[in-house]
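The data blocks that follow each hold one structure.
Two complexes follow with subunit A in common, the first pairing it with subunit B and the second with subunit C.
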Partner chain A sequence: MEQSVYIAGVGVISGIGNNVAEHLAAFERGEPGMADITLFKSIHQYDRPVAEVKLTDDELIAHTGLSIHNSRTALLSLVAAKEALADAGISNFKELRTGFVSANTVGGMDKSEGFFIDFLADNSKGKLKNVFDHECGSMTETVADQLGISDFMTTISTACSSSANAIFYGARLIKNDILDVVIAGGADALTKFTLNGFNTLMILDKDLCKPFDEHREGLNLGEGAGYVVLVSDKVAQMLKKPVYCTLSGYNNSNDAYHQTASSPDGTGSYLAMKKALKKSGLKPSDIDYINLHGTGTPNNDSAEGTAVKRLFQPDFPPMSSTKSFTGHTLGASGGVEAVFSVLAIRHGLIYPNLRFETQMHEVPFEPETKFQKGKDIKHVMSNSFGFGGNCTSLIFSAV
Partner chain B sequence: MSIEKHITSSCIISNNAVVKNGVKLFENPGVDVAGFLLSVYQYFQFNYPKFYKMDSLSKLGWLASEVLLKDSFDKAAYQPEVVGVVLANANSSLDNDLKYTATIKEVPSPSVFVYTLPNIVIGEISIRNNFKGEHAFFIQEQFDTAFIAQQVNYLLDNDILQACLCGWVDILEQDYKAFLFLVEKKKSEESVVFSEDNLKKIFGS
Partner chain C sequence: MKVYIRSSACISAQKTFGNVGFLNDIIEYNSTRLAAIEPDYKEFIDPKLIRRMSHVIKMGVAAAKECLNNGDMEMPGAIITGTAFGCMEDTVTFLTRIVEQDEELLPPTAFIQSTHNTVAAQIALMLKCHAYNNTFVHKGISFESALFDAIMLLNEAEADNILVGGTEEMIDASFKVFTRLGLYRRKPVSNLSLFATPEKGTIGSQGAGFFLLTGKSSPDNQAELTGLTTFYKPADNEDIEKRITAFLQKYLLTANDIDLVINGKNGDIKNDEIYTSLNSSLFKNNNTANYKHLSGEYSVASVFSLWLAANILKRGAVPGVILENEVKIDTPKKILIFNHYQNKYYSLMLVSAV
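Right, the complex of A and B next:
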């Protein structure tokens, strides 16, 4: 029989908080993180709300000890990964086989965008030190060094399902006895590249996003990082405090339908959810809460809703999109929402889906709109669906 | 250890002509690239409406793959996971990037934007044929036969793939060239041994 993989620690930073405690407080207050753009100049400064992490690069540098040449992506990554590792409290970490599986999609694009302006005007200008950190893998290496991890590291970049894929890849490394501990998740900083790209696709809402609402008009971009510490059975037994839960199921399936859109019937998302359930040995009725991908775009929510309807009807578990708080943190979202899913089990939480008003015509259910705690939450499904039809579902289960 | 592999089919689309396994199947001189690619689609009576949505790089690569595989490839002999694609070109998706940049002056076009990546052509070929194996797209100044042979050898020698489409698909405005090779582990009547020299020979023809 396959060995179980446990979640021993969590860490998160996003537009609604710089650590786990701040996130829990923001959820309880029902306070979203979106506001005008402050990180860079844009013609969309005031007409495309974004959920920025409320710390400047300088503040993040002071907090992490990294250099001014490091990308914001690496800075965010290090904050959340460090929190997760400290939370796990693994006393003999250095003696174990450890890995860092980290996802991102923009790499050091923020620094490259700064470099590019001077360089285009005069190709003898622009500091090369600001582009050394451009490549996605560079984020992982920088942070792994800071965490003292050298046994194994890799970077996954599969658009918005990146971090969810990183987590289940990490779990497989433990199941196959290659590693004892894996810090897995991802990070992404807000950049002009993603803002303008998503704006070109006409999927950014001019107001705060309304996931799973009939009148939703698009997503808000966010930024952040989220990591879980995955440990083997052996390591779990050595820990001084109880683990949070297990990663009981996971699957990745592909729509192969369009570069950026989901198929109308949500084939990829349906298969991902169904096969993740099969992997966990659970029935749809065992799921106590679904953390939806729920971007707020007409296409995603319709496809995801249709897939949820097909798999779960007639009885639907409570569900919500926490992107109504954090915005869509892209490559970080699977990690950020994995942390929320784990916390839902630990504290019995259901997160509200902010700004929901009208049920979507194609589905017979509504998302939860009220913050609830102290519920009996045993199994949580977390969805992350990416461009290219790359769909991943994770299932976390109480021990 | 390298096992013997064979080029079981080849297709060249260049100079307003389509050549398969050394035999010219179609030519249509005197039309521009867009007109020529459409005429290839119509001549071979392909029925795939998505063709009309593709950028020129995808149209070129997709047409070459259709001609390459037509009557030459036994898809049923392979699991989807063991057929892959390795392509290269010099101009990435620049042909479409320029077209996209032109749309920014008015309203940036989402449908043009989604083709501003070179490897989309691999997606189009894979979706059409249900290929699910490894794939890669490389940017290089010229067709680097040694490099491509190394990549394909690695994938087939290690049983990561059992069949691989490889070659060159490049387009920039009116300048275009597609060379595709089907590489398999079994011989066929017309096959030649997969080697750097044979790649060069066909590419140079």
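Right, the complex of A and C next:
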């Protein structure tokens, strides 16, 4: 029989907090992280709200000990990964087979953008340090080196489902007896590249996003990092404090419909949720809370909502999109929201879906709008869907 | 369980794609930048789609389709790709427009196609394949990471007939940056005399290759992928030697059991040190071969080496052009591929005849 994989630690940084405690407080206060862009100059400075991490690069450098040449992606990644590892409190970490599986979508683009301006004007110009070693894999390598992990590392990039895939890949490395401990998740910094990219698709809301609302008009970009520490049964038994939960189910399915748009009936999301349930051996009615992908774009929420309706009707579990707080952190979102899902089980939380007013016409349910704690939450489903039809669902279960 | 390579397809700087013989018409370049020998993409992709596709997408989709054709397989059980840099052409196009047009009136196509998972996604879209779909982007072991995932999926019995590949394109901007970084030779060099003149730098290249992996044995399979491992920042040569020995031991083998060692030598003095050292120690009794004078160097160049090994084993012939010493050797049964990326990431692949 397959061995269970446990979550022993969590770490997160996003527009609503620099660590787990700050996130829990922001959720309870109902305080979202969106505001005007401050990280770079853009013609969209004041008309596309974003959820920036409230620390400058200099502050992050001081906090992490990394250098000015590191991308903000690596800085954010290290903060959250370190918090997760410290939280797990694995005393004999160095003696175990350890791995780091991280995800991101644009690597060190924040630095490369600056290089590119000079390079475009004259190909012999541009500081090489701002472009060398800024591919996606280098973000992972920088952080793994800081964490003292060298047995195994890799990087996954499947757009907005990237770090959900990283998490279940990490679990499989443990199930296949390749590693004992894996820190898995992802990071992405806000960049001019992604801001303009999503803007050309006309899916950025000019105001704060309204996921799963009939009158939603698009997403707000965010940034951040989120990691979980996955451990084997053997390691779980050696820990001095109880684990948070297990990763009981997971699935990666492809919508195979369009490079960026979701199919109207959410085929990929439906398959991912259904097969993740099958993997966990649970029924739809066992799920106590769904952390929706819920970007706030008309297309995503309609497709995801339709898939949820098809799979769960007639009884819908409480659900919400925490992107109404953090914005869409892209490659980090699966990791960030996995941390929220794990915390939902630990503290019995249901997160509110901010700014919801009107039920979507195509679904018979509404997202939760009030922060609730002390609930009996045993099984949480977390959805992450991305460009390229990449759909991944994770299920976390209490032990 | 055993993992077999049912079929493969490779687009590279040499004639490796389609019905072209087996490296018997070698292309010589006098440059530090190799081109890919392009197939007629219309045979694989709807001409309406071709226009919008960047080079790496075209290469990737065509290689994936040809691999499926070669394996007589319509629908793979999973699609997994590896690429260090992803879709460079679309990324640079979009970045250029942001700068030149000051963020105004940008068309979305380049951005849409710039995500690293575009090739895997386009393959899924074309095949209407809803199965597991993943993309690994970890520098010089991007392809090995994808292969590793495929092997795990087979072991877990989660999927069979897994389409796994590596893709990388070289565009003007990346060639200029890599040249400035000193990765390539300063002067044009013949790829065929790359090893005769060891210097700083190698020759830059690109390509795409796919493999169909199955757990089912069949005389039609090209080869068995017996083992794969990667390691990071080994302490020294002795450590590397120990790790190779341990890897072989796992399959109850020693270096003497290996009929052919395929090395990742690329003509750069520092890069090639370890190969030279092992050729006179651990592999001193082995026949050794090189391939990067044919394929050039790129982050997923090991795709070429696995394609090479699978074809050697299936065809029972070793192209003379790859041999380190020009000795004629018998048909190999066991091939070890040893590659490293910038002395940091190392990979070993053990490939056996079926």
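Going forward, the second predicted complex is superposed on the first by the 398 of 399 C-alpha atoms of A that agree within 3 Å, B and C clash if a C-alpha of one lies under 4 Å from a C-alpha of the other, contacts with A are read in each partner's own complex, and residues count from 1 in each chain.
The rule is short, and it goes like this: contacts are C-beta pairs under 8 Å (C-beta built on N, C-alpha and C of every residue); 3 or more make two chains touch, one makes a residue touch a chain.
Every value quoted in this text rests on a predicted model; they were computed, and no experiment measured them.
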item	value
Superposition on subunit A - do subunit B and subunit C clash or fit	clash
Which superposed partner A:N252 touches (first subunit B, second subunit C, both, neither)	second
Touching partner for A:T369 - first (subunit B), second (subunit C), both, neither	neither
First (subunit B), second (subunit C), both or neither touched by A:G388	both
Dominant contact partner of subunit A by residue count, subunit C or subunit B	C
First, second, both or neither for A:T260, with subunit B first and subunit C second	both
Which superposed partner A:Y169 touches (first subunit B, second subunit C, both, neither)	second
Partner chain(s) touched by A:A159 [first = subunit B, second = subunit C, both, neither]	second
Which superposed partner A:Q359 touches (first subunit B, second subunit C, both, neither)	neither
Subunit B versus subunit C as contact partner of A:E141, first or second or both or neither	second
Contacts of A:L201 with subunit B and subunit C, given as first, second, both or neither	both
Clash-bearing segment of subunit C, relative to subunit B, as chosen among 145-153, 163-171, 181-189 or 271-279	163-171
Where subunit A meets both subunit C and subunit B, residue numbers	197, 199-201, 256, 258-260, 388
Residues of subunit C that touch subunit A when the two form their complex	79, 84-86, 91-92, 94-96, 98-100, 102-104, 106-108, 111-118, 120-122, 124-125, 127-139, 141-142, 145, 148-149, 152, 155-156, 173, 176-177, 180-181, 232-233
Contacting residues of subunit A [partner subunit C, same complex]	42-44, 105, 112-113, 116-117, 119-120, 123-124, 128, 131-132, 135-138, 140-141, 150, 153-159, 165, 169, 172-173, 175-176, 192-193, 196-197, 199-201, 252-260, 267-268, 271, 386-390
Contact footprint of subunit A on subunit B as seen in their complex	108-110, 113-115, 117, 120, 123, 126-127
Parts of subunit A lying in touch with subunit B, wherever the complex brings them together	197, 199-202, 256, 258-260, 388
